[in-house]
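To keep things simple, chains are lettered A, B and C as they appear, and every chain counts its residues starting from 1.
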Amino acid sequence: MHVDNLPAGGAAPPGTDTGPAGPPPVVTARGVTKAYGRTRALAGVDLAVRAGEVLGLVGHNGAGKSTLMRVLAGLEPCDTGTVLVHGRQASAGDFRTVRMAYQETSLCPDLTVAENMWVSSRHCLPRVRWRRAASDAVRRRLDEMFPGHGVSPRDRVEDLSLSRRQMVEIARACLVDRLDLLILDEPTESLGPDAARSLYAYVRRLTEAGTAVLLISHRIREVLSVADRVAVLRDGAVTAERPASGLTEPDVLGLMGAHVAAPPTFGAPTAAGTIARDTVAELLGATGPGLREVTLRVGKGEVVGLAGLAGQGQQEVLERLWRPVRRDTTVGVSRAYVPGDRQRSGVLPLWSVGDNLIVTALRGIARRGLRRPAEERAVVADWVKRLSIRGGAEAGITELSGGNQQKVIVARAFASPAGLVLLDDPFRGVDVHTKTDLYGLIRQEAAKGRSVVWYSSENAEMAHCDRVYVFRAGRVVAELTGEEISEERIIGVSFAEKGEDD
Amino acid sequence: MNIRVAGPRSWSGPWVWGFAAAALVWLVILVISGQGGGQTVSLALSLAPYLVIVGLGQMLVVTAGPGNIDVSVASVISLAGFVSVAVASATGSAAVGVLAGIGAGVLVAAVSTVAILGLSVPPIIATLAAGLVASSITLSTANGFTAVPDAGLRAALNLRPAGVPVLALAIAVLTVLVAALLRRTVYGRSLVAVGQNRRAAERAGIPVARVVAMTYLLSGALAGLTGALLAAYIAPSADLGTRYLLDSVAVVVIGGTLISGGRAVPVGVWGAALFFILLDGLVNLVGWSTAAQNLLKGGLVLFVLFLAGGGDRSGGLASLFRRRPRPAAATPTTITTTITGDDTDG
Amino acid sequence: MAQLLAPALPGRARMRRSAPAAVSTVALIVMIGVCSSLQPGVLTVEGLTLVLSATVPLVIAAQAQMTLMAVGDIDLGIGNFVGLVTVVSATLLVSSPLKGVLVLAGLVAAYAVLGLLIHLRQVPALIATLGASFVWLGLGLFLLPTPGGTTPGWLASFGAWQPAGLPAPLVPLVVVALLVYLLSARSALGVRMRGLGSNPVALRRAGLRPVASRVAAYATAGVLGVLSGLVLASQTGGGDVSSASSYTLMTVAAVILGGGSFAGGTAVPWGAAVGGVTLGLVSVVLSLLDVRSDMQSAVQGVIVLAVLAGRVVVGKVLR
């Protein structure tokens, strides 16, 4: 350890499991914190990635994995703490040997594979005849990594299948004259099993040559079989660092742990199985992009949860219920939607709280297309009071904190006469007090006979549901009712590969 | 809630500038010509309403959000001029003629609307193409066109009791109606919501397609009305509407309406229209050419545009034109997490 | 089976992408066929020269439009810009060639500045270029209030150039398309421009500045606009600021006919050339068919809408 080289005031070196004899760290994070607005994504991370090792990084949704990666790759500065590259305080140029393969890929879809290589690796390409050089390099790299990949450097990225795009993305990240650290973000999510095996074989070769690899994946078994060490990220901090040998999947799941459940201060969910409810909405064997044979039903006055890892088909179900155009979906009542990404699809930024709140209910209140301001004001005042929205009805929506904005968006849906309210993971980045208020609201409204379909990436929230469908790869892999709904159970089911554990 | 007329927060600024600039130009005219300013104002008030009507329609379209623009207004005005004069002289009723002009505008707008919503053609191309069709019809009508505008309507348009044009009063009422439409009706609120954030409006249960269709049809109707009145005031001609394309966009920009959509300022259209008309008068007075007029107008639009700046490029024009799914951009919002200080347990 | 299907995928996608240009090419051939059946002289060198010459400035302007559409913008000022260039070449370029050349260079620089401001101030290119179009118009009227003037001798002799054995208009058509192809499709700068239209986030992550790409695209469009104006002036033998006002829509339509898209990210120099010639020939065919000139713009408008409608259908079929 080159502790002497460190600038004064650096945090204490992180606990090392491999002992002082281990190889030198390539990139080290010390006490790194990072906040987006009021949301703390990283709360003091200490982590070192050593030359020649594969470090697996696991953690649940929202544990801060993506943010940590971006900080380690030098894409974003951290708020406090330091990131060291080769033991030195890193400046922008030092990160050139740190490369990252993005899960959602960082390719230009309209450009060819070779042209994309120029975009990201132009420093290592000649100025003239770069196209041929890039083609040769990417073909060689792809041949090495994924034999039989079937990608031609002249293909346009948008024409490639998802798995081939992922191959190109990983090859893109590896195409550099010197690679010290390779960050792989869910690399096998869209790769087939063969390609995944080839990738990990290549990762082994890389590490033998001294490159460090940081592997982020929610496929715990895969991480355990590939990684030398496993770091568990939880609530924005590394809570455990263990050698991978000897660890089992349940061990890791245990280390990832459960969030503390919010106090059940309001009416506990009733077991749905015991009460016969009228069906208000139903999917019967719905199949399509992102969905495979999904069958679910929503009863009147029922709160139905859609759980599982992010992007496993839950949002597609919400989409089907919101716009029931296909024959496999029947919805018998009017609907309202609470979007999760409030900046992109929630807030109407030029309007006040009251305007934002009433926009859905407006239609029902108006007579012959004309608004009735007095009635609207009454409804708004009622909801502002009920959810104690700070600033009142006249405040501009953008002046509010995220939590209060989200209250307005939720109130917008519930202020309408909709019989079915769809929640698209709306409580991300919302503080605990607001959440508690809104959980209470959901139960109250359900008790009044409204149905709620609730997708959440935070499994603890599912405790407020009557029934929970757990999704994996576009399928319902489990249906949990009443007492069965627990965070451990949901995590277990959603991480279980091929659903064989259930 | 900003149901009251002119919510002070979002309104106080933008529309003032058009009037201020108009007043400034008026003062300059006064100083140069040394004649009574009242006559200048009266003349401006009798010319500005035509620009205001078409500007109000363009304002509604621009308010529908980035990428929305109606470039068929010029051809619609010319076409509606011929249609209204022809129908008025055939039926002998000026009112039916004006209605026919409005109808012609709605028909052209219907073509654009079908293309925009049905074929996902970007609005600029859809309205350009519809405008081309309209101008072809205009040209073939113009050949051997003999009907003359209704004398009664022309007299009414020229009526200026005590120097105040009746038309200006009527269009002032129309402006108030448009303002009320935007603030007091479900359609108006929906339009403003769609313009602010199309996705959010859709998620809030607003029928976006219907609102957009309604907006283009309204713009077509208002352009048709302009054409019908203008043809009666001057005379129908194939290039009756030519200057109104840029002018209608310009009065919207200068009037303080948000060019990225979501905030309409009907009053501002008046200020900007008066400014433009007075500027024309000043340029004529000084003896500058049409070259200088064009330079001034184009330069002013660019100046106001670059001064005001636009919103977030990610929500800009390009994103509206995208139809293919793109890889999601890794913005900080997508990686925001659920951790808060209160949430961490020991 | 899957391995059999998989390689077929890009082929199908490539087919979908090149379908518009292919349709335009077929339409082009059909139209030449119709022309020659109506007027057998069309298929001779002189006939083709006559038919094609009017399309040359349009196609070059379409290349300018294509460059801007590749970065995701639209230029509503190109028509008046081309008109302004004809005015400059009929006035300043004759009276004081040095000043004329400087003014033309200044116009290119103005385009670059326009692109810079559009990027920095994040305003819609649509409205900014619409405003700029009136500046071009004003400048043109300022220099030459009524159409007229004469073009310099070298420009006129270019217009009258008649190589033996091949139609003269083919030379500028092919040369310009080739140059634009080399720039936009083969060069690193082209990759940056298309990358900007395709995925600016990827560009930024790779450390490339989007503003440079946009300015480069606007400067390129300015150069092509100047070229188009010079060629137009060489054909008309004088300057008229409104002589090219129809180019604004026609160029967009030509790019669309050639397979370009409003989304940005694609460069279709050959497609734009084919699309431009096709659109230009429409008026020739219509006049040979004795369709009244009034209806020509309507036919062009309908063709654009029909092509876009056809694309929606083709896109659904080939999905």
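Observations
Everything that follows uses one rule, which is that contacts are C-beta pairs under 8 Å (C-beta built on N, C-alpha and C of every residue); 3 or more make two chains touch, one makes a residue touch a chain.
Just so it is clear, the model here is predicted, and its values are computed rather than measured.
With chains as nodes and touching pairs as edges, the resulting graph is complete, every pair of chains being joined. Counted by C-beta pairs in contact, the busier of A-B and A-C is A-B. One finds 29 Å separating the Cα centroids of chain B and chain C.
Rounded to whole angstrom units, the spacing between the C-alpha centres of chain A and chain C is 44.
Taken residue by residue, chain A touches two or more other chains at 106-107, 109, 158, whereas all remaining positions touch fewer.
Shared interface positions of chain C, i.e. residues touching 2 or more other chains, are given as 197, 199, 201, 264. Touching of two or more other chains is recorded for residues 324, 326-327, 330 of chain B.
Considering their complex, residues 66-67, 69, 71, 115, 119-122, 124-126, 128-133, 135-137, 139-140, 143, 246, 249-250, 253, 259-260, 289-299, 301-302, 305-306, 308-313, 316-318, 321-324, 326-327, 329-330 of chain B touch chain C.
By the touch rule above, chain B contacts chain A in their complex via residues 1-3, 7, 9-10, 184-187, 189, 192-193, 196-197, 199-206, 258, 262-263, 324, 326-328, 330, 332-345.
Taken together, the chain C residues at the contact with chain A in this complex read 6-7, 9-10, 13-14, 17, 186, 188, 191-192, 194-195, 197-199, 201-203, 205-206, 208, 264-266. Residues 72-74, 76, 117, 121-128, 130-142, 145, 197, 199-201, 249, 252-253, 256, 261-264, 292, 294-302, 304-305, 308-309, 312 of chain C are the ones that touch chain B when the two sit in their complex.
Chain A meets chain C in the complex at residues 75, 106-111, 115-116, 118-120, 122, 127, 130-131, 150, 152, 155-156, 158-161.
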